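One chain, chain A, links the two complexes that follow: it is found with chain B in the first and with chain C in the second.
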Partner chain A sequence: MNDGIALAIRRSIKITVDGKEVAAPEGSTILQTCRTNGIDIPTLCYLENLTPVNTCRLCMVEVEGSRTLVPSCSRKIESGMVIQTESQRVSDSRKMVLELLASSVDMSIVSPELAGWMERYQVDKERFGPPAAPGQIGGREKTRAGHHHKNDGTSAATVAEPTKVDNNQYVRDYSRCVLCYRCVEACGTDAQNTFAIALGGRGFEAHITTEFGVALPESACVYCGNCVAVCPTNALMSKIEYDLRQVGGWDESKQSITRTICPYCGVGCNLEIHEQDNRIVKVTSPSDHDVTHGMLCVKGRFGFEFING
Partner chain B sequence: MFGAGGGTSSYKEAEDTDLIILWGSNAREAHPIFFHHVLKGIHNGARLFVVDPRKTTSAQWADTWLGLDVGTDIALANTVAREIIQAGLANSEFINRSTSGFDEYAKSVEPFTLEKGEKLTGVPAELIRKLAHSYAKADRAQLCWTLGITEHHNGTDNVFSLINLALLTGHVGRYGSGIVPLRGQNNVQGGGDMGALPNKLPGFQDVETDAKARLRFEARWGTSIPAKRGWHLSQMFEAMERGELRTLYVIGENPAQSEANVSHAISLLQGLEHLVVQDIFLTKTAELATVVLPASANWVEAEGTVTSSERRVQRVRKALNPPGMARNDIEIICDIAKRLGHDWGHPTAEEVWDELRSLSPIHAGMSYKRLEELGGIQWPCLDENDPGSPFLHGRLWQYPVVGPLAPFTPVEHIPALDTLSDEFPIRLTTGRRLDSFNTGVQSGGFTSPLRKPETLNISPQDMDKFGLVDGEVVSVTSRRGSIHAPVLKDATLRPGLAFMTFHFPDEVDTNSLTIDAWDPKSGTAEFKATAIRIEKITGIQDKAKSSSRAEALT
Partner chain C sequence: MDLKTSGRPASPKEKEAVDSVISQLEKPSGVVETNGKSAHVAYEIPFYNKMGPRDLLLPALHAIQERIGWISHGALDYLSLQLGVPPAETYGVASFYAMFSLEEAPATVIHVCDDIACRAAKNADPAAFMNDEYGQPDIDVNGLMWIRSPCLGRCEEGSAALVQRAGEANRRILLAPVNANSLSDGISRPSDQWIGTDSARVPQRETDQSSLRLLKRVGVTDPLSIDSYRSHGGYGPLRRALDIGPENVIREIKDAKLMGRGGAAFPTAVKWGSVAGNSVRPHYFVCNADESEPGTFKDRVIMEQDPFSIVEGLTVAGFATGCEKGYIYIRGEYPLGEERISNAVSMAKKKGLLGRDIMGRGFDFDIEVRRGAGAYIAGEETALFNSIEGKRAEPRNKPPFPAQAGLFNKPTGVNNVETLINVLEILSIGGPEFAQIGTPDSTGTRLFCLSGSVNKPGLYEAPFGIQLGELLKMAGGITTGKSLKTILLGGAAGSFVGPDQLDIRLSFEGVRAAGVTLGSGVIMVFDQGADMDQVVLRIAQFFREESCGQCVPCRVGTARLEELLTRIVNGTTIGSRNDELALLGKVSTVMRESSICGLGQTAANAVESAFRLGLVGG
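Take a look at the complex of A and B:
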């Protein structure tokens, strides 16, 4: 992200998107240019506050003269570019990406925008067959590269495995993980710099894991929950939300969100209090506020129980 | 700084600066989100220096860690200053144009050669030289500190010694160059802004010297205001001791656990004729009270504002209804006023704020509407067209300088008052851990997977020397009290240095050890420097018990 001063002195570049001429400052990505001009492009791994990692392939667009589709989240605009954001080729590609994900990952409680895109591209999650039986907890961590066996074609392989509940602050349900990498980035150099988690394994067995696959309390984790905050599919979820969902008590229609300031140290982090039945059920931070950029520490994110009494 | 108490810079500047010094600050744990900005700066190429007796988790990110002996900050700062002057690296153009008192200051630091500095502080001369040269040569530099500077008998002088360094190098008043005290609580800055200081009216207007301001307040409030400063917290306890202070109204503070030499503080509180405590919890202090007024939690059960360490005033909002009979502070205070014969009506938080804006020029432009739209505003903000002030004292770089010159303040190195001796050979210092906060009243409510029982942390060398093993309960004795605590080997500590927090006063009452000597200028007690001895005890391996605490309450 660049500050306003740097933006002001950059040249303006003109490109054509879906037949319409638009302009944006030099150095902008195709995605930034489109979003500033009101053109919606679906994204999954991309988040404004994180470095684009180009893993999900959902934001691909067609650029005239380019053999392959290009990831709009990281491709910078060039003068005279002609771009199609919703050609048949683009929507076929997005549909396939989402269907491959939905066939193997539980996407039942993803973010509302992602749910909307799945509807837009008419995603059929059983296109590759009914889901195969779930694996063992930590099964993928034990699999070695090259040891993945193709199934018989009657069902779609899944990443399903039991939820990891190993501490009081947040749970990890990797059945819901699309490997977008946001959590790794938030834990790494983009924000927290704790490096408690990384990508392990290869191919279908690729998974997010702690060092040597240890439980969180034995890992470097400091429970800032910034990974939870950036997760788009609820694979990472606070323990409070998880417990409420288990008993059917999580009800977003009964929740209000109020902006306030953290009660702990003097940094002044903005908090969004998610209230249900006059209790705090979740705390987030607005990603567009320049104190936190959406990130908090363990006290700000999880230290509110004294209010619930 | 230079009149109004607040940091000069914005957090963002840490991302764009060339050098960052954290002096007596473990921001990685105590101010984690500020440290995110520091980390961005480091990734952008800034160098980090950490000055701290402990090799903290912040120091682990530093290019250079200066592990000074507790309470030698002024000696170190003065040595850095002398080296900068001797090496011809002082910013003489800035000094000549924008500051006063340089000659006297230069004279005061003259005895602090690198050799003497090393001897006084325990920091190798080469590292002191490196800090001096790097800071002076950096294009932009941020000098940040926390309670490691202020919780000393000479905390204010410690702060002056750092401000002097910024003036010497011209690292103040420019984007990326500034001095930043990181505040320990979410509204410490706001408390100061609002005049919760013995000598200030809201907006840092002096009650003794600024007669014009005092008259404006008198006119608005329809009453007369004594032109005389009040007592700060430490003086109040002294007044209790003398029997001059017999009634105390405590709002949102837990002195029965947070004061240094706490058993003494408790006995003074017990001796009061009337103690009123207004809090969201029945704290240990509230347990001693004649009257307890249950209050709402201002950050989430009431409307209002707080001010952060970058002078940013931000809105707190009501998300929840307070439990039971708890009410917000404004309602309680107005009701008390009414009982005392003054009907202030039922003002909203915004109405109270608007009155403040009409009296405090630095807040004048901060309407609730603008605070909302701009995501907070940094003071001074003089009118509703003023965007606020991301950094202060740009005036010092104008030709000619607008307003008064920035004064150097020579300060003397006076070692920690609780001196080390054969009887008390170990230096105990205190601090915070990432997942806990102060006396644990708030942070005790959640079960942190990181939290371990309170321990007395000592260096691996001292573990061997005393023949101790991890978890072994020892007796820890200072000149004021004695407690039992389990020990923990801690490689971030040097021989002769011990560390504890006061997050778990019910288990380990650290503050029955600390000294209640306080800084005469700020009233802050010397939590950071206690002389202790550690003794092996046989037969006690169970949970730590606080003996002096038990005695104090019976």
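Take a look at the complex of A and C:
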């Protein structure tokens, strides 16, 4: 975070985490305080460079005196707070949150970090029954708010639907979408200010969408790919990666990453060039980089095909 | 920034509908004048939203829906451009609410209640007759479509339908009780009668009118006449408030020990005090009239029968907490309530009881009426703020609490209708006197919504501490010839209690001791003929359909809860029934512990209590 200077002049606040007293500047969140002090808390919707939306409820911790568990990503510390980050209550909640997600969303190619947490909490995605048959493309978009298709309960409703492939830059596989809101935030005021996508619908049928579900070329999308960069579950994936995965050709063990500066304009965005089999397969930017905070424009992120050509 | 739209045109009628809302803007975008001296920006307008205040989004969507019957892509684009809201976000808002259609829809849409109170009254699916009369739901048949609806707040009558009709004149009507005949009569009424009929079942009016405090004017005064209201004590409390000053008003409420009636039972004086004491300006006060808890109809009766009391109560609240502006957010299913409240607001303005220099005391306060659009969750206070602001009604994380950052991120007070009218009673008789009513810890009277299998369903008022059984007696007892099976206390978010619990004292401490809740004052009575499997399943469906979908425990948890219940009811359990109950317990726990708001936290309450009482699955 680049508000380090501001943090430095703030009052220091003492709290107790897992029986240990720790201190952090006023205004810090529980999560920031814990991570600074080497205490691991799993997160899903949280990302350092986006505003916390606290919707995934994975980072919940126990705060003494609070009736419910508390989202550590957005709750600011208060003097004398007593916090448990790994009590039975907390781990039961995290396990069930992950199981609810895994039973409804395809989480087969999530980040290694998330996969590790799913292992830690021994996530059983089948405990609610076998997954229900996938929906039609656009099915959730056509569901009127407050109405849903009632099933007989013998299979677990999922968000499965066909992948949306409507442009050459990236695909949208909402079967993998956990509704973390990150892409909407990146497309909106947190980074891009393009507002091509938003949350649509309600309840289990809520989904990320353009207006009336129009294809991306018809929407306001400018293909900066910042939504792809922040997606934690590969619901959003570059077309190159998607095509390679379709034929079993995506192999991260064979990839190398080279850091460089974008050649297009004078801003000086740092790029990470992901190369596999002597071909550029992906471009990212480090999220802790002062200039980009992980965000790029269409040229930096997708304008490399001529090299491969 | 430039907004990109599809280029699809809006029709002249669609444009007219949008313009009719935008042209109502009295002042330049987002700027409110104070005392005619200085102007300040009341809205925090994002830089991309310079063209107009986004909070007109819902009113404008209503205008299109009412005029055309659905919201087309062209209309949505036009609206987005007028208000400077990205089309994707406008779509996200429109698709959140059940009363907006984003697909071409027939001119007449009938929402028929099939919720639990009407089920309790009939012991059957209250929408079943529609299949015979109008065919399958969700399908356009000759310009008419019917759909199933959650509770419409006419529970004392046992069946209800809200009709939306696109066109020029009045376009919503709430009908009850409905059957095939009354429904077709209602639909064919001339448009000047298209608002709804009075219905205020307050049986106590006939027996002991003198015991009524909150309901004393219901059925007595003319709800359209401010003079009638004033001749029955109206605006005395506001005058007294202006006499004694804001601090003393809050002190009276503190002395009265008034607790919020919306469900959370928070001390009203504490809430008001923290808004009043906040140095950030402006302050707002919101009256939550988005009554949607299944089985609840008390606020509707007040809105329809004693609307001036809500306007006066909100004015007192605004005075005590230093607000210049108040909002009344009324659920979209209450057209008559909305019309009466709107009339009350404009009458009060005419009489100098709203607007500049109220009663010549230098106090400025104005009220805007806002309409919900079919979303139970919008009754959660922070979701309600988002809804007024023109956003999806997704609850916010707390803290910050409304008194710190509420509507438009400013210090905001928010109270339920019933709480606000209690304030008038407190100012009339004095806080200490008010505290003598009820029990020491639950002061005053409470409105109870009696529905289902009782002889005299309706709205009742009784001092806190009354026993559940006494209240049933007041309602004429269980329907003659039936015997009591169970009572749902507090609404869908409440709990079932058994016939052996009629000695529960209906006070905050009394229900706490019994492990139940008063919620919104729902007392829903089921007799032995009730199909509790279907009732409990309907509750689970309700929460699945009304979850905003923001947080995982509620979004997926409500879906899993419905599936689990369906399996248990159908006897198609995965593993044993006990395995399923254990899983249900785990899902309920994560919903209670980790959901963002009260909806998810309480969604499993009634279901769990039904299992504890052995009401489900044979």
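One rule holds in what follows: the second predicted complex is superposed on the first by the 306 of 309 C-alpha atoms of A that agree within 3 Å, B and C clash if a C-alpha of one lies under 4 Å from a C-alpha of the other, contacts with A are read in each partner's own complex, and residues count from 1 in each chain.
In the analysis below, contacts are C-beta pairs under 8 Å (C-beta built on N, C-alpha and C of every residue); 3 or more make two chains touch, one makes a residue touch a chain.
These numbers come from a predicted model, not from an experiment.
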Just chain B (first), just chain C (second), both, or neither: which does A:267 touch? first
A:57 in the overlay: touching chain B, chain C, both, or neither? Say first, second, both or neither. second
In the overlay, answer first, second, both or neither for which of chain B and chain C A:198 touches. second
For A:128 in the superposed arrangement: first (chain B), second (chain C), both or neither? second
By the touch definition at the top of the document, which applies to A:279: first (chain B), second (chain C), both, or neither? first
Just checking: does A:292 make contact with chain B only, chain C only, both, or neither of them? Give me first, second, both or neither. first
Tell me which partner A:189 touches in the superposition: chain B (first), chain C (second), both or neither. both
Taking the contacts chain A makes with chain B in one complex and with chain C in the other, which residues are shared? 189, 193
Using the touch definition from the top, list the residues of chain C that touch chain A in their complex. 1, 3-4, 6, 46, 48, 73, 76-77, 80, 86-92, 95-98, 100-103, 138, 147-148, 150, 374-375, 392, 394, 397, 399, 541, 544-553, 555-560, 562-567, 570, 572, 574, 583, 586-587, 589-590, 592-596, 601
Touching chain B in the complex: which residues of chain A? 3, 167-169, 189, 191-193, 216-217, 221-224, 256, 258-270, 273, 275, 278-280, 289-293, 295-300, 302-309
Under the touch definition given earlier, write down the residues of chain B that touch chain A in their complex. 11-12, 30-34, 36, 39, 43, 61, 182-189, 281, 297, 299-301, 306-310, 312, 314-321, 323, 375-376, 434-435, 437, 441-450
Please give the residue numbers of chain A that touch chain C in the complex, ascending. 54-58, 60, 68-69, 71, 74-76, 89, 92-93, 96-97, 100-101, 103-104, 127-129, 141-142, 144-148, 150-154, 156-157, 178-179, 189, 193, 195-206, 209-212, 214, 218-220
